[in-house]
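Given below, in the form of structure tokens, are the structures.
Across the two complexes that follow, chain A remains constant while its partner is chain B and subsequently chain C.
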Partner chain A sequence: MKLYDYILSPSCYKVRLMASLTGVKLDIRPVDFHPGTEHRSPELLALNPAGSIPILEDGDLVLTESSAMLAYLAAKAAPEWLAGSRPEEAARVQQWLSFSGRLTASLGGARLHEMLLRPGDIGALQTQGVAALRELEAGLFEQSMRGMRFLAAERPTIADIACFPYVALAPDGGVSLDPYPTIRLWSRAVRSLDQFLEMPGIHRLHELKPEPHVEGSEA
Partner chain B sequence: MPVALSVDLPAGTVVPARLPAGSVALWRSASGRPAASADRCPHRGMRLSHGFVRGEALSCIYHGWSYGQAGHCLRIPAHPRLAPPETIRVTTHRVEESDGLIWIAVGNPLSQPPRLTGFAPLRSLTVLAGVAAIEAAAGAKASLEGLLELSEDARNICLLLSAQDDGETLAHVLIKGEAGPADRVAASRTAESLRRKAEGLQKKEITQ
Partner chain C sequence: MTVKAMIDEWYPVGLLSQLDLKGRKTALMDEPIDVALDADGNARVTGGNGRTLPVRVRYGHVWASLGEPKKELFDIPEADQPGRRFVDVGVVRVRCSPLRAVENFLDIAHFPFVHTDILGAEPHTEVQNYKVEIREEEDEVWATQVKFYQPQAAKSASGGITTEYMYRVPAPTCSVLYKTCPPRPGEWDVITLFVQPLAEDLCDVWPWMALFDDESSMTDLIHFQQTIFLQDRSILENQIPRLLPLDPGMEIPTRADLTSVAYRRWLKRHNYTYGAQLVAQ
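Take a look at the complex of A and B:
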């Protein structure tokens, strides 16, 4: 399975993270997104006319939407990451998968503006980002009242992985995460998962491992 | 002032909190003791609230300098054999925890935090509006301690308001003790509506 990948892209990271959590080995093909704009090269446009990354290729299956890639990886290797049979759970997975597109547009737009100087109304993008974070905070709070730590169930699903990266990187776009205690707990729960994978700007929880011991420090 | 809900600070974690004096790293040790320090590592200025808690110490994410609850530096990983000098320390603040809320002392308060008789904390919201706009939205006045009782159909909810230095307000939503999960979800939605209304009033006032 081949992933056309850019290390700093939160959408590409979703796929790398999902693959790591589900134990799928990806063949990573790095794309020079910045400054090379290789995603708009004839070779990649032939695969994805929309000119976006990530692209996931498996045989003659070519996926260009990250949510579809998460669903594919889960269905193939770890179906417990998909919605169960309860209608509410199935609906919540779809709800937050769609919602993740708004995170990409708002927080992701603000991040592209701040990091790669993409044109855009930064004030409006940040305001939309705050609105999305408030919605997520309220949704997660309500889930906690139902005894559930994750967006759609008591266990993590592809919906959590679809929402996590752009939220965790919100400060890159000048949007603070300080006002959201429930998002903080959820982010911690995601980063506590076995086989959690880092990306630049999203680090693992250092306290989960014992303090590194330097040779001879007891001298 | 009330800065966070106890449930939002599990053992072994650190969160950012705000005081008039600036940002604070509020943390709870593995054994469950809360502490608060200035949100700035004296080494390179990184926010300590971005750090992590291991055992009874708070560590900076940047170079791992770690601090005890009294603020003194315990360990500098790059110099494992060095006992950090007494002079390396972070300013600390007194912390009190009662009725599910964490309070940080501002100055030298003479009294203990007020008791929340019959109410339990539900969640904390940041409101981009001042206390006056929230009072106007609720149609009620806050007490000296910052307690605002909602009227009519939301009698089981109460807000504990704490004004921030930038005109924002931290609102802790409190609910009558015996409420079930559905009541709690409804109370959270009521508080969100009140926030929308208060922020709308605040915006109107600014544009006038």
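Take a look at the complex of A and C:
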């Protein structure tokens, strides 16, 4: 399975993260997105006329939407990451997968603007990002009232992986996560998953590092 | 907080490979500037009032000065050495003081914590003794004999090695580091941080490299360095105070901080204070 990948792309990271969590091995083909704009080269436009990455190739299957890639990886290697048989759960997974596109457009756009100098209306991007974060915060809080820690169920699904990267990287685009306690809890829950993978800007949980030695602690 | 002393210095303002006739609007120390290719194919930088600024093209980048440079742009002899790969890493904007960006680049103590499993790893957090000096003749800050254990020192490294570094500050917002070159013992890899000050608390950072590495693809080399720099970016954006404190009483130096102390001293001596705060807050 070949992933056209950019190390700083949150959308590509979704696929790398999902592959790591489900134990799938990817053949990574790095794309010079910045500064080279290779995603708009004739070779890549032939694969994906939309001119975006990630692109996932497996045999004659070519996917250009990260949500479809998450679904594919899960269906192949770890079906428990897909929705179960409950209609509500299936609907919630789809709801948040679609919603993740808004995170890409708003928080992702703000990040490209603030970090890689991409032109755009930064005020509007940040405002839309904040609106999306408020919606996510409310959704996660309602889930917690139902006794569920993740977006669609008690266990993580592909919906969580679709939403996590742009949210975690919101500060890169000048949008603070301080006002969203439930999002921060959820982010910790995602980061403590077995086989969690980092990317630049998304650190591992401090708790996963070796315990610091505290003077006089072994009383 | 004065522009004066720094106005005659050279600053990176763009990648040569990305120049076009249309031009790119950017800024230098709060002044809007335009960086373009002229009809003869030369780089041209125009200041806010339409005046043509002094320009140099070197190390893959376009350099300009708002004032009258007293010195030529600093030399990196390795830039002319055959066999090296020259890597334009591309711009990254950081909401921090340009001086803070350089200071962070000089600090190795953060490697195990920020660049975990690449440039450092716990428990190998100790910074061994090294030498720092201000070289009067060149008027540059130098740190030498800096040794550090690194799990993945370069794209070309195939395992953990103890890396030796030399750091050099030849201009207030530029630093050049030399480090052990895994495939070519006896040579140094050159990694630079060229910082364009947009405002006192905002900068565009243009990393550039001159490496010996015949194996890795250009894209891999770019991504390796972007990974490292993006790990620094979030740290830089959260530093408090935002401006670099130049009151020597403010921070207690540890051994790992020696280079930073020398850098601050050198900045102060030259009145290079754009991006600095002189009184403790």
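Everything below uses one rule, namely that the second predicted complex is superposed on the first by the 210 of 219 C-alpha atoms of A that agree within 3 Å, B and C clash if a C-alpha of one lies under 4 Å from a C-alpha of the other, contacts with A are read in each partner's own complex, and residues count from 1 in each chain.
Keep in mind that, in the parts below, contacts are C-beta pairs under 8 Å (C-beta built on N, C-alpha and C of every residue); 3 or more make two chains touch, one makes a residue touch a chain.
What you see is a predicted model, and the numbers here were worked out from it, not measured in a lab.
In the superposition on chain A, contact of A:T182 is made with chain B only, not with chain C. Applying the stated contact rule after C-alpha superposition, one finds that A:V31 touches chain C and leaves chain B untouched. Shared-chain residue A:E114: touches chain C; no touch with chain B. In the superposition on chain A, contact is made by A:M145 with chain B only, not with chain C. Within the superposed three-chain model, A:A75 lies out of touch with both chain B and chain C [touch as defined at top]. Residue contacts after overlaying the shared chain place A:L45 against neither chain B nor chain C. Residue ranges of chain B in contact with chain A, taken from their complex: 4-5, 8, 10, 12-13, 15-16, 18, 23, 52-54, 59, 61, 77, 80-81, 123-126, 181, 184-185, 188-189, 192. Remark: chain A residues 134, 138, 141-142, 145-147, 178-179, 181-182, 184-185, 188, 203, 205-207, 211-212, 214, 216-217, 219 touch chain B in the complex.
Listed in rising order, the residues of chain A touching chain C in the complex are 6-8, 30-32, 34-36, 38, 114-117, 171-172, 174, 200-201, 204, 209-210. Remark: chain C residues 15, 17-18, 88-93, 95, 116, 122-123, 204, 217-220, 222-223, 226-228, 230-231, 233-234, 237 touch chain A in the complex.
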